[in-house]
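In structure tokens below, several structures.
Presented sequentially are two complexes of chain A, the first with chain B as partner and the second with chain C.
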Partner chain A sequence: MTPEEIKTKVRAFLLKYIKKPDLQDDEDYFASKLINSLFAMQLVMFVEKEFKVKVEDKDLDIKNFNSIDSISSLVTRKLGC
Partner chain B sequence: MELTQEQEQAQGEFKAFVNEHVVPYADTFDREQKIPEELIALIAQKGFFGLIVPKDYGGMAADMITYGLLCEEMGCGSASLLSLLTVHGMVIQAIMRWGSSVLKERWLRKLAAGEIIGAFALTEPNVGSDAKSVETVAVKKDSGFVLTGKKKWTSFGQRADLFMIIAQCEGKPTAFLLEKGTPGFTVTPITDTFGFRAAMMAELTMDNCLITEENMVGRIGFGVTHVATHALDYGRYTVGWGCVGLARACLEASLKYTAQRVQFGTYLRKHQLIQHMITDMIASVTAARLLCLNAGHLKDAGDHRTIMETAIAKYFASTMVVKTALDAVQIHGANGISSDYPVARYLRDAKVMEIIEGSSQMQQIIIARYGYQEYL
Partner chain C sequence: MRLEGFLQISGKGRYLTGAVKKTKCLVWDLDNTLWSGTLIEGDRVTLKENAVETIKTLDSRGILQSIASKNDYNTAMSKILEFGLEEFFLYPQINWGPKSESIKKIAELINIGADTLAFIDDQEFELDEVSFSLPEVMCIRAASLDRVVEMEEMNPVFITEDSKNRRLMYMADMERNKAEESYSGPKEEFLSTLGMVFDISSASTEDLKRAEELTVRTNQLNTTGYTYSYDELDGFIKSSGHLLLIASLSDRYGTYGKIGLVLIEVSESAWIIKLLLMSCRVMSRGVGAIVINYLRNEARKRGVKLLAEMIQNDRNRMMYVTYKFSGFTDISREGQTIIMENKSLDDIPPYPEYVKLRFPKFL
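And now, the complex of A and B:
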């Protein structure tokens, strides 16, 4: 899977929960409070199931989850692509 | 949704266990406000505490549907006992999901074997639903963290050996493990509650309790969004199933009573207004069970939709069990408010289900918001 394909899937997932069609790849949606309290774990589960990677305690850094770019980077690193 | 042969077999075992060891004594547990040690030991011996823990950690690696079936039977026997499985399991889940390898090695085997009991301490005297505003504080020191604050309504706090504490660390909610016996830690029993009287609730006081650094679960700032959210999702799942069991107990008691009680020269079961209530009970229990099964299947599939589906299942099941228990008491008439029948306990316990692991009102906020995401 290419980094661009990863980003496309992440964007599609996020847009379902964040009703903001113009969401930028580097936009911090946590800071803009666009999501609810359950979203963080929904996102972790999505990443694990969609990309078949394991999100671990050491990955718990807001910089790994707060934008399309950051999530895509985390997945890319884990997949080694 | 059909059960597998293994799930049906497990269901039979759970039912037999509860019928033998719980149902005959549940009213006594309620009166004495305690779950006996012998029963906790029996549950441990059967492996129920570690039912969904991986085999690597001494568990039985069962699926979530099987675990739901256990919770249904426990809820049918004693809601207080169900809450032991809930809070103990919440600690296990939090460690399995976000604990370091050190914490997993140190605690999971003991928790799975029931050698130690876990309890989940989020709620405080001043903080309930607003979890991110907990007032308990964790201060980083060279040798670890120092915890100071109070927790309240901690189920099995009187009995637990290991507590998951959510505290503010550097101003951000963070999860920690605290052992009973830590200097500065005291447990004060809470008694005479309306329901869940045998859930051995407690208020916990932490006065400069020093814990080692490795007792942090996850990372600073992730105590609510990731650790507690994951644990509460699991907790809601067990409560949803427990409500199915408790409602089934209401239904079964009502079926039995109406088949024996005669008024106006005929059995109560022949009266259409009674049939109305029985019908609502059957439909409600069936619907709640299907919602729980759906949430469980999604959990086993690792599907993120399970989080919302579990909230929906818990919301529906907890509201329906209150209505079901009210009807069960109504059907029993004056007998329903006496201690000669279990339905008064069922009603008291049912009400608690609407409050714990996220109140019905919190579920309504979350589910309504989800509706605008999913359907708009």
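And now, the complex of A and C:
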């Protein structure tokens, strides 16, 4: 899976939760108050299910989940590609 | 297989040892269980003696009830309506599928573990089928109906204001869920339509029964799984070395009741969160994160460190994620027990705008 494909899926998921059609890839949606940790668990479960990767305790850092870019690089790293 | 009292089913069961698991929801079969006769065969069915009494007694104890019946939905529901019992059953499953599937669905919709469900039916086949697929469900033969209210599993340790209103609170949940499903905008926008009010206060003596009930009932959204007795909790509210906070939530559909509990060990240099738990009913409302942010703000104001104990199990991962995403990091780990510290008290995000907050003036 290419980073672009990953990002497209992540964006589609996020837009179910937040109202910002022009969400940027590098935009930190936790910092910009767009979403709070309410969605943290949904986000973690989405990543595991959609990309079939196991998010381990050490990956559970908000920095791995706070933008489309950071989720994409986490998934890429996990998929080993 | 979990068995009723001392009755054994089909010779395959085994007796429960140890603590009795209290039932949160009893699932009823209809034909020849709730009533005598078979609806589809055109019988004129009559309610079993004691059935209504049993339903009302369990309801007053805060035990929820539902239906798993193989019947035509409309015919069966109009009969239930005729008997004036419709308000007592949450998410009735009346269809031709396996009852184990119906029961799974009920557990999922109410959002409780199958090990807190009980199922009553007159057919050995159905009891066996449920026991086989869901061994954790307590199975009861319809012949034991008269004894149901006496069973230990049907007698909660506490009956609090919240338990008496439990069915109504779940009914309000059904309304909310319907509204949420039909809402097409983003989730956060939906939340802002609810008009939520979240209240944190110091627990008082009147809250202690509910507090103990929460520690016993809550598994998923529980950071340590410590349970405390009434007397221990009473000790905490009197002790200067502890803070016991209780949280409640309401919205335009009604109240969710007292749904959260926090126990903090207080020392001069640090606050240690010994227990943080939230009822599953508020899982998707983000209030766990609000409580943590509140504690971060309070710790910062006092200039103390904020630590948290976390005991991981296979069900409470969500709480670990909530801690992690609220700025906590692991500082030590021994087996399943983790000590975490919040090292970002200078960088606390604002509270969400979709909920009105009420915090205690003094702690």
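Definition applied: the second predicted complex is superposed on the first by the 79 of 81 C-alpha atoms of A that agree within 3 Å, B and C clash if a C-alpha of one lies under 4 Å from a C-alpha of the other, contacts with A are read in each partner's own complex, and residues count from 1 in each chain.
Keep in mind that, in the parts below, a contact is a pair of C-beta atoms (placed from the backbone, for glycine too) under 8 Å apart; a residue touches a chain by one contact, two chains touch by 3 or more.
Everything numeric here is computed off the predicted structure, so don't read it as measured data.
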Just from the overlay, do chain B and chain C fit on chain A, or is there a clash? clash
Scan A:D61 for contacts with chain B and chain C and give back first, second, both or neither. both
With the two structures laid over each other on chain A, which partner does A:V44 touch: chain B (first), chain C (second), both, or neither? both
Between chain B and chain C, whom does A:T76 touch in the aligned arrangement: first, second, both, or neither? neither
Touch test for A:L15: chain B only (first), chain C only (second), both, or neither? second
State whether A:A31 touches chain B only (first), chain C only (second), both chains, or neither. second
Taking the contacts chain A makes with chain B in one complex and with chain C in the other, which residues are shared? 16-17, 19, 36-38, 40-41, 44, 57, 60-62
What part of chain A is in contact with chain C in the complex they form? 15-19, 30-31, 33-41, 44, 57, 60-62, 65
Chain B touches which residues of chain A in the complex? 16-17, 19, 36-38, 40-46, 48-49, 57, 60-62
Contacts from chain B onto chain A in the complex sit at residues 98-100, 217-219, 221-222, 224-226, 229-230, 233, 301-308, 311, 366, 369-370, 372-374, 376
The residues of chain C that touch chain A in their complex are 185-189, 284-286, 289, 318, 320-322, 324-327, 330, 349-350, 352
